[in-house]
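Going by the order they are written in, the chains are A, B and C; count residues from 1 in each one.
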Amino acid sequence: MTAIPRNHWYVAAYSREIGGELFARTICGEPVLFWRTRDGSVTAMPDRCVHRRFPLSQPPSRLVDDQVICGYHGFTYGADGKCVSVPGQTRIPRTARLTPYPVVEQDSFVWIFIGDPANADPARVPRASCLDSPGYTTVAGMEPLRARYSLLVDNLLDLSHETYLHGGYIGTPEVASTPITTEVDEDAGIVYVSRHMDDAECPPFYAKSTGLQGRITRWQDIEYTPPCLYKLHSRIAPAGCVPRPDGSDPDAFHVEVVYAITPETEHTTHDFWAVARDFALDDEEVSAFLAESNRTVVLQDVEALDVLERVIATEPPGYQELSINIDTGGLAARRLLQRMVTS
Amino acid sequence: MTAIPRNHWYVAAYSREIGGELFARTICGEPVLFWRTRDGSVTAMPDRCVHRRFPLSQPPSRLVDDQVICGYHGFTYGADGKCVSVPGQTRIPRTARLTPYPVVEQDSFVWIFIGDPANADPARVPRASCLDSPGYTTVAGMEPLRARYSLLVDNLLDLSHETYLHGGYIGTPEVASTPITTEVDEDAGIVYVSRHMDDAECPPFYAKSTGLQGRITRWQDIEYTPPCLYKLHSRIAPAGCVPRPDGSDPDAFHVEVVYAITPETEHTTHDFWAVARDFALDDEEVSAFLAESNRTVVLQDVEALDVLERVIATEPPGYQELSINIDTGGLAARRLLQRMVTS
Amino acid sequence: MTAIPRNHWYVAAYSREIGGELFARTICGEPVLFWRTRDGSVTAMPDRCVHRRFPLSQPPSRLVDDQVICGYHGFTYGADGKCVSVPGQTRIPRTARLTPYPVVEQDSFVWIFIGDPANADPARVPRASCLDSPGYTTVAGMEPLRARYSLLVDNLLDLSHETYLHGGYIGTPEVASTPITTEVDEDAGIVYVSRHMDDAECPPFYAKSTGLQGRITRWQDIEYTPPCLYKLHSRIAPAGCVPRPDGSDPDAFHVEVVYAITPETEHTTHDFWAVARDFALDDEEVSAFLAESNRTVVLQDVEALDVLERVIATEPPGYQELSINIDTGGLAARRLLQRMVTS
């Protein structure tokens, strides 16, 4: 099991979740208050008044003219976290301020930096540009997971579970039976896991959304940038169809399945998921089908991982798992995460 | 945060709560069994059979002729806690006795001494005589608080929160904006906090109960006798009206707001509240209004303090609050409580 | 309080509970998976895949042809616990196996050995042959107890509680008032507690089932084989009626009340109960009455012991009980259990 790396960027929310009202979410064990200021930017600060720790998101706390007024004793803060008013006196203590969190809005997400703000480099926020690109249509959601985030990392890095846990949705026998290749870019800190099935059954998830009939070529190319961003580049095409020599791939369907894996606490996780496709861009039926199907798949994972969390809670210390070839990606991810925690 | 002082008197119940039936309440972490004996006095003893710790308040335990019979094996105790019968033998072990708690009934409360009974001095039970005086009419209640008692002490010693948490009930802008004076009687162990508003808005709580219209003079004089008894001497009068030179004050309305702050456990509290008035003594509408309004205000506190308890439970160790002038009373109270715990 | 002895046999289930479907139950803190193989024998193994600890009883895990397939990644195990298939590779790691638990089916129970299987001697499974004998008719059930198993041992070894907790069902004044005799067979590790009432009221439990009217002779002979098997040999006859010199006892009614006391966790217990009678063997009304009555009695115990577990959870360390003559059997049982834990 892995602790939570600090001094990293995490997805806190979808941009659309944060508007002109107070919004609270716990990220990596830290309660955070968000709102979108009148100039359109997202502000983030600790959700806890400096005075008596009352949550600034808790009514009757309220937002007035880009200032948040604590509902307990009226301490008032600007969008920069500085206290501008306290009750019963005009002098405001110098230390009456909340340290804002660095925030970046990018690719439909609100990213937040957890750790020392001096270490926050916006250029290091990893990209998921397909989620906000005119070439793709995206459906997305977030499910709360009552399990530690490392269980979700394990889950997503080893897709052989699709055959068993998601049979009838996205799993077919070939996923579990086809070997994977794993590569780790140690410098960039990225884990790649690939599984290319050249002659596979087409699961309902892709058959209904693409209209393909018969056997398919199915490529799963995972790119995991720890701790938070997971992308599955999925390529579906009629069996035997390969990209052209010039790199174009007009006869294939491409789906980017993106997860943002954000620890809420040591034992709970925000499971953000998105499915972006490069076909049937305006077909709302396809959008509705993919949203419903992927949410079902995510909830199957949630149910299984919630069970695993409870299993871990009651097992004796020192329990040893057994790992095999399918786990090389997950083990590499654990190693990178462990390095992030201890470095 | 403050631990619970022992060797002190605490309010266990209202006198009216304890009659000829078994009554159980946990006080300062100790489960206590009460009943009113046939001679009219209240008896209190540990709510736990000496044999196998079965609660004597738990059916089928029952009270017969001022003796309580344990529902598990029939150990039977008199009102003095001495065991008078055990199953299967006539000899009763010398140690088969429950040590009664010292109890005082006074000012509508049942007070109990938690600690070494040898230290219990009934003369040291603090007074709230208005609650049982013909010159006053009182409404009262008790709300369970899922927060440590020190959070309620903080809350009541700093009434600037009325403006924010109790706006529309008892809070007006002047409460938060008017400075306080704080005094501590170190010998008697009493904290006094006063806030005199000479020209203030009249909140609905007082406007509807007194019939006053327009601006008012509003005095809040707090007298807190740690650990348990809090009294707010509240004076409401037309703006500009002061007591006469002889001390009489016929044009003002006086309300005594009394709280008894009794720890149930380390993290839960019995929040006893009472409102005694010296006007409209026989007006049941005023009684109903004040009871309903004060209960609403107490429940607003309960909701806020329950939130704070959960905030504290998840925060990292060593978290530091920021205190300002309004907190001088609360900080003095914490200091006296801390002295009680360590002395 | 006593920890859980290992290297002992425990009742895991009634034989009738385990058929051709996956069945899970936690025994002594260990999650165990059971099923009845096609050859009719019961198999038991850890309910946790060696790979990523997914419970093999948790859907979509499933049983196919006496092999269980993990619902997460498809690891597949035979009835002997050996893994026969893993995803993505043909080589099966040598360590991919679950160690089966020794199991014995006897006297209507499935017994399981918790500890080192090398120590499991089927000849040491204690007998309750009346439960599976043509001379008796048995009703049985199991109730979950949210209390440590030692509280149930205390309860059953001291039946004086019948008078108070089970008055109106199986308790009468004579149970509590009649002294007991206690014997311990140190070599066999068995505690015997006897109470013979020669002239007693007949409780409804026996009056309605036997049809006896008037005063009775009632013998309670307890035989407890720690940790799991408790038998109460109950003899009911018209007052004054004793067994004949040849040992036959044709005018008495005999009831064997059997409990299997199996820890689920440190703080919860499986409370198996059975009532076997040697009269009215085919009378379904008597069966229904005894089943309903004994279940009611067990639930009265469950309610009381669940309360005691909560009492213990909140009491200060070092709390001392007081024991008297009725407790000699319970104290002997505690001593044998303690010896089992430390030996």
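Side notes on the structure shown:
In this text, a contact is a pair of C-beta atoms (placed from the backbone, for glycine too) under 8 Å apart; a residue touches a chain by one contact, two chains touch by 3 or more.
Since the structure is predicted, the reported quantities are computational estimates derived from the model, not experimental observations.
Common neighbours of chain A and chain B, by the contact definition above: C.
Bringing chain A onto chain C by least-squares fit of CA atoms involves turning it by 120°, to the nearest 5. Averaging C-alpha coordinates per chain places the centre of chain B 49 Å away from that of chain C.
Shown for chain B are the residues that touch two or more other chains, of which there are none. For chain C in complex with chain A, the residues that touch the partner chain are 29, 31, 48, 50-55, 58, 60, 69-74, 86-89, 93, 95-96, 265.
The part of chain C that touches chain B in the complex is made up of residues 154, 158, 160-161, 163-165, 167, 176-180, 304, 307-308, 311-312, 314-315, 319, 321-327.
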